[in-house]
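These notes open a run of structures that come right after.
Next come two complexes built around chain A: one with chain B, the other with chain C.
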Partner chain A sequence: MAVSTQVSTQNNRVRRRIASAGSRRLLLFVALIAPVFLLRFATAAYPILQTIRLSFTNQDLIARTNDFIGLQNYRTMLTDSSVTGALSFTLIYVIATTILDLVVGLMIALLLNTVFFGRTFVRTINLIPWAIPTIVAGYMFRWLLDDQFGLIPYLYQLVTGDRMVVFINAWSARTAVILVQVWKDAPFIAVVLLAGLQGVGQDLYEAARVDGANALQRFWRITIPLVTPLLVTMGLFRIIWTVASFDLVYGLTFGGPGVATTVLALRIFQQGILFFKFGYASAIAVVLLLLVGVIGVLGLWLFRRTDVAY
Partner chain B sequence: MSTMNTPVRQTRSLRPRLGALWTYLLAISYSLLILVPVYWLVRSAFSTASQLNKVPPIWLPAPTLQNFTTLITQVPFFAYLSNSFWFSVGTTLASLAVSFLAAYAFARLEIPGSAVLLWVLTLSMALPDVGTIVPLYRILAGLHLLDTIAGLILVLSSTLAPFTVWVLVSFIKQVPYEIEEAARIDGASLAQIMWRVLLPVSMPGLVTMGLINFINAWNNLLYPLSFSTSKAAKTLSVSITEVFAGYSPWGKPWELIMAVGVVMVAPVVVLVLLSQRSIVSGLTRGAIK
Partner chain C sequence: MENQQSQNRISRRQFLQIASITAAGAALAACAVPALPAAPDAAAGAASAAPGAEVQPVRIAVGGWAEQGTKDLLTNTGFTEKTGFPFEVMLRTDTKETELARMASAVQAGNVPYDVLDFEDELATSFSQAGYMRGLDDLLPADFWAEFPDAMVENHKIWSTYNGELFRVLHNWEMPYWYYRKDWFDEKGVEVPKTWDDVRALGPVFTDEANGVYAQTEGMIKGAFLNVYLAWITLQAGGSPFDVGPEYETSLQYIHDLLHDDKVLNPASLQKDYNQQNADYVADKVAFMRQWPFFYDVARSEDNKAWFDESKVQIALPPAGPGGANMLTYAAGWGHGIVKTTPNMAGAEALFKHLIDSETAVEAVKTSYWFLSARKPVLEASEGKGVAGPLKMYSDAGALGVRPFHPRFVEALTVIEDTASAYLTDQITLEQSLAQATDGLAKLG
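Presenting the complex of A and B:
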């Protein structure tokens, strides 16, 4: 009897000590993650909720209006070609740059994975486009493509004899935006893919070579399956970053000619920060948010599928 | 046998050479594709307006510093430069500080639900920053942080924190737990363990994310463009848009725009060239896990 109570009090004490260690651990955990979560709540979660609320108002600092107007902003948007146009170009831009980023990025990664003299040099300068501020890249290429004194139209004329005018025509301006974005991003994709390629054992390729697989077969049957999960991850990352960015367009075309290269993000900035139409800008932001949501769900589904496959 | 062997040998000895030729051709074209635009930026920054407006273009003009002196006299250039610097340094330190604390918790104190919380934090990366600028404008105005470097640091370090935490967690998980255990047995407090033991061994991870966040902050346009209204908080990225907005008799003042560009590009390119390995390890860790 006495022995058993002694054991049970001892048990209790141990249990209490474990419990207090557990709650101390919990407290510590909360204290350590509190700053970052508070920061994220104050500058991301709460503002997003505010954006959704504002999207149902006509808050405007210039016109001095601030009333609840229901879905009026969304109705206006349907017939506002600067917004519908921005939505369609955003989609074109994101899809085209992502596909090109991955294809070109893989080609660069394969090149950088080959043994050649000066490889370290090329690997090092490969990071330069990533490091250059996007706004500077925008102006730099606007100047390189200048129809009077730009280097690229000059070289183009030397080779073809034709004049090259980029920023007057909607589709050539769009092509320029997409290609400059690829110039900036594909090397970064290549860096990540290269790390993935370096993880692939050479013996796998050697075995395939011995079995008589040619270079093309080795590429499709070994390289592609191995980098597919990485391609999907990077593609998803890329889409979510580009869909909300306007730095490049701001420098390269400022959305022009007309609104041909305006993306949703630029439209939000213009309406919200330049024209102080907080309500309307917020409604456009909600459209962008929905777009990110749809892409995210699709991406996660794709991610799951490739994850299961390999 | 011998008749079959000869052609095989021939192709074998030829193929690497042809392959190498292609490789060098590609490597050289790719290098030019990166370097020529950058060279054009630099040569334009050191040219006069009249040197730029020539057909055919001058590949190697006699360099002049005139554009930089013009910038110094016509815009508050040093104010913008120092704003860019303090914004970047402040954002780097702030984002590292909050992220390191959280990363330690996620890597070492696994409580029920911590994995979910880490996912929530990581997924918050997907919230488009441009979708928050209108409310943030009002919030910063309410806190009297509009047009201040502190306000910019606050919002950007929050944007950069999720990725920083994500990468630091994987760095800290690599540190053997025994080191901490030993310190704990010796009677060190948690603060001591973090400061004296974990911080030094996590240095490579902190340096990597510090570099990446510094470059991100230095290159950031959205926040200063939205929340800075005077030379108190405008950065170089805002300054280049303002120089572009100005007109000169020649048209756009490309020589001045490119000069600001060079000042913005030089530090990040130097950082990249000096610490390529460290940056790559951070970027790939974020994606590959």
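Presenting the complex of A and C:
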């Protein structure tokens, strides 16, 4: 009996020690996680939650209203042509720039991956467009495309004999905005893809060559599959960055002519910062957040399906 | 002893508890919204400050172009000697968008970036309605308005007053002038246009599309540039764009004709700002244009010295539209106001009173034409030099209408610009443009 009691006491002590060690570890875990958690909560979760809350209000600093109005902002958005128009161009802008960024970026990467004199120098200057602040690029291209003094219309006139006036119709203005964005971002994509290309073993190409594969086949069967995870990742990043940006549009066209180049992010800026309609601006921001969320989930799903190994 | 040491030593558990509580407390404190600072007693000023206490400088924010002029003015007129307040001239941002963002975030955070602000019409409506500016009526001397012409008084009532309270006093009063190439008109043997129809006839005279030469250019890119032009033209038609009435319809049709049918106005104007417009003019690509007074100095600047000749930059009255000869143009202005939440209210009030003083205003225009207005002693002191000549000419001709106003100006101009720009670039019809503008403005209330 005495032995049994002693064993039981020892078991209890061991259990208490384990429990104590467990709670210490838990406390340590909480203490180590807390600063990061608080930081993320304050800088990410709180603003998002606050934006969602505001989207259900009519907060307006000028009208001095701040009442709960349920889904009214979302209903208004459905019939607001300035928002639906901006949404349609945002989709065109995001899809077109992402595809072109990846295609042009891959072409540049392939070029920079070949051996030629001055390769290091070319790789360096390739990044210049990316290093230029977007708003500066916007103003710069406004002048580069100016009908009187622009270099691009001048070269166009030399070649075709016709004058080029870019921003006076929706189609040409949209094309200009998309191409300038690609000019700016493709070099960065190229550098990332170049790193991926450098990781592709030459033995794969040599084996394929021995098997009789031509250059196009090697590109489609080896290069593309092996850089696909990078393409998906970069595509995902590009989409998310582009959806939330408006600095190029702000500097280049201010959304014009009409609303032809207006993006959702510009509308949020106008409604929130220019008109002080925080409620309505938040509702548009929530739609943008959902858009980014859907794209993000889709991207992650694609990413998991593109795991390639040789 | 050892026992005592172990009692004083903090255990690991206690340390972790304290550390996590401290971190949580610090984070929560950082998240907490600071209380708005209470406006200090306006009566308390430099003179009543405690002996030995440092007097806070009063901060005035101005555009980059007015920085030196403002410093010189306050130095030359002895502001600090007269009031005991040192001053600091700060730069505000150049655009209304960025200044709105800066002020809104600062006020929400219970902070203010400056005490006195030099600001334009576009900001005036937003700032006053948001409650950011202090009412100024009690700071004006008796008979203050006697020195101002009726047009300026009227402008103050519309653009600088909200709910019956004045919040800005103009020191700058300017209007778009009609600049033209007298040398070209003389060479072609044509008269300066007096009416809209005269303007239409000038397309074939001056425009040479193959070489990029046009009778007229404008800065009409969205973001307030287009709105300025639309307001100017619609005023000439006798109305306001914000009414979306027949005058506005006539104006839109007229501009469309100038762009596409009469070949008068360069279509690329729709994507130009004022810098691009000025560049076209001094590159000999344009016969005439509407532009603000700053072009007077741009044309005479060091950069354009080789190009400049008086005959290239003449100013005439604008061509009259259906509204008649009394509605040829409008004046807009910049003025000083006090930020309501300034922590240095006494200094701000002293500076404001100093700036609106008649003697200071006269001294100001001698310092810089940025301080030119139709205020009677100011206009007399300017002696018709520089842009004071055209200002007097336009004032004497009675050509001034009131700048078209909307209580939610910044929003309204966006609606007007979006719908007008779409029509002028043939994306929608005139009827659709008018319907969309009417609908958009109706939603503003």
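Operating definition for what follows: the second predicted complex is superposed on the first by the 270 of 310 C-alpha atoms of A that agree within 3 Å, B and C clash if a C-alpha of one lies under 4 Å from a C-alpha of the other, contacts with A are read in each partner's own complex, and residues count from 1 in each chain.
One rule holds in what follows: a contact is a pair of C-beta atoms (placed from the backbone, for glycine too) under 8 Å apart; a residue touches a chain by one contact, two chains touch by 3 or more.
Computed from a predicted structure; not experimentally measured.
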{"item": "Fit-or-clash call for chain B and chain C when the two complexes are aligned on chain A", "value": "clash"}
{"item": "First, second, both or neither for A:Ile48, with chain B first and chain C second", "value": "first"}
{"item": "Winner by number of chain A residues touched, once chain B and chain C are compared", "value": "B"}
{"item": "Touching partner for A:Val191 - first (chain B), second (chain C), both, neither", "value": "first"}
{"item": "Partner chain(s) touched by A:Val243 [first = chain B, second = chain C, both, neither]", "value": "first"}
{"item": "Partner chain(s) touched by A:Leu78 [first = chain B, second = chain C, both, neither]", "value": "neither"}
{"item": "Touched partner set for A:Phe149, first chain B, second chain C, both or neither", "value": "both"}
{"item": "Partner chain in contact with A:Pro35 - chain B first, chain C second, else both or neither", "value": "both"}
{"item": "First (chain B), second (chain C), both or neither touched by A:Phe275", "value": "second"}
{"item": "Touching partner for A:Val210 - first (chain B), second (chain C), both, neither", "value": "neither"}
{"item": "Part of chain B, among the options 243-251, 261-269 or 279-287, whose backbone runs into chain C after overlay", "value": "243-251"}
{"item": "Common interface positions of chain A, toward chain B and toward chain C", "value": "28, 35, 39, 42, 46, 143, 146, 148-149, 269, 273"}
{"item": "Residues of chain C defined as touching chain A within the complex", "value": "12-13, 16-17, 19-20, 23-24, 27, 30-31, 96-97, 100-101, 104, 126, 129-131, 209-210, 212, 221-223, 266-268, 270-273, 276, 279-280, 283, 285, 408, 410-411, 414, 417-419, 421-428, 436, 440, 445"}
{"item": "Residues of chain A touching chain C in the complex", "value": "24, 27-28, 30-31, 34-35, 38-39, 42, 46, 61-64, 81-82, 142-143, 146-149, 163, 165-170, 173, 253-260, 262, 269-270, 273-276"}
{"item": "In the complex with chain A, residue positions of chain B that touch it", "value": "20, 23-24, 26-27, 30-31, 33-38, 40-41, 44, 52-57, 97-99, 101-102, 104-106, 109, 111, 114, 117, 121, 123-139, 154-155, 157-159, 161-162, 165, 190, 215, 218-219, 221-222, 225-226, 237, 240-241, 244, 251-252, 254, 257-258, 261, 264-265, 268-269, 271-273, 276, 279-280, 283-284, 287-288"}
{"item": "Residues of chain A touching chain B in the complex", "value": "25-26, 28-29, 32-33, 35-37, 39-40, 42-48, 50-51, 54, 108, 111, 114, 116, 118-119, 121-136, 139-141, 143-144, 146, 148-149, 151, 154, 183, 187-188, 191-192, 195-196, 230, 233-234, 237, 240, 243-247, 250-251, 265, 268-269, 272-273, 278, 281-282, 285-286, 288-289, 292, 296"}
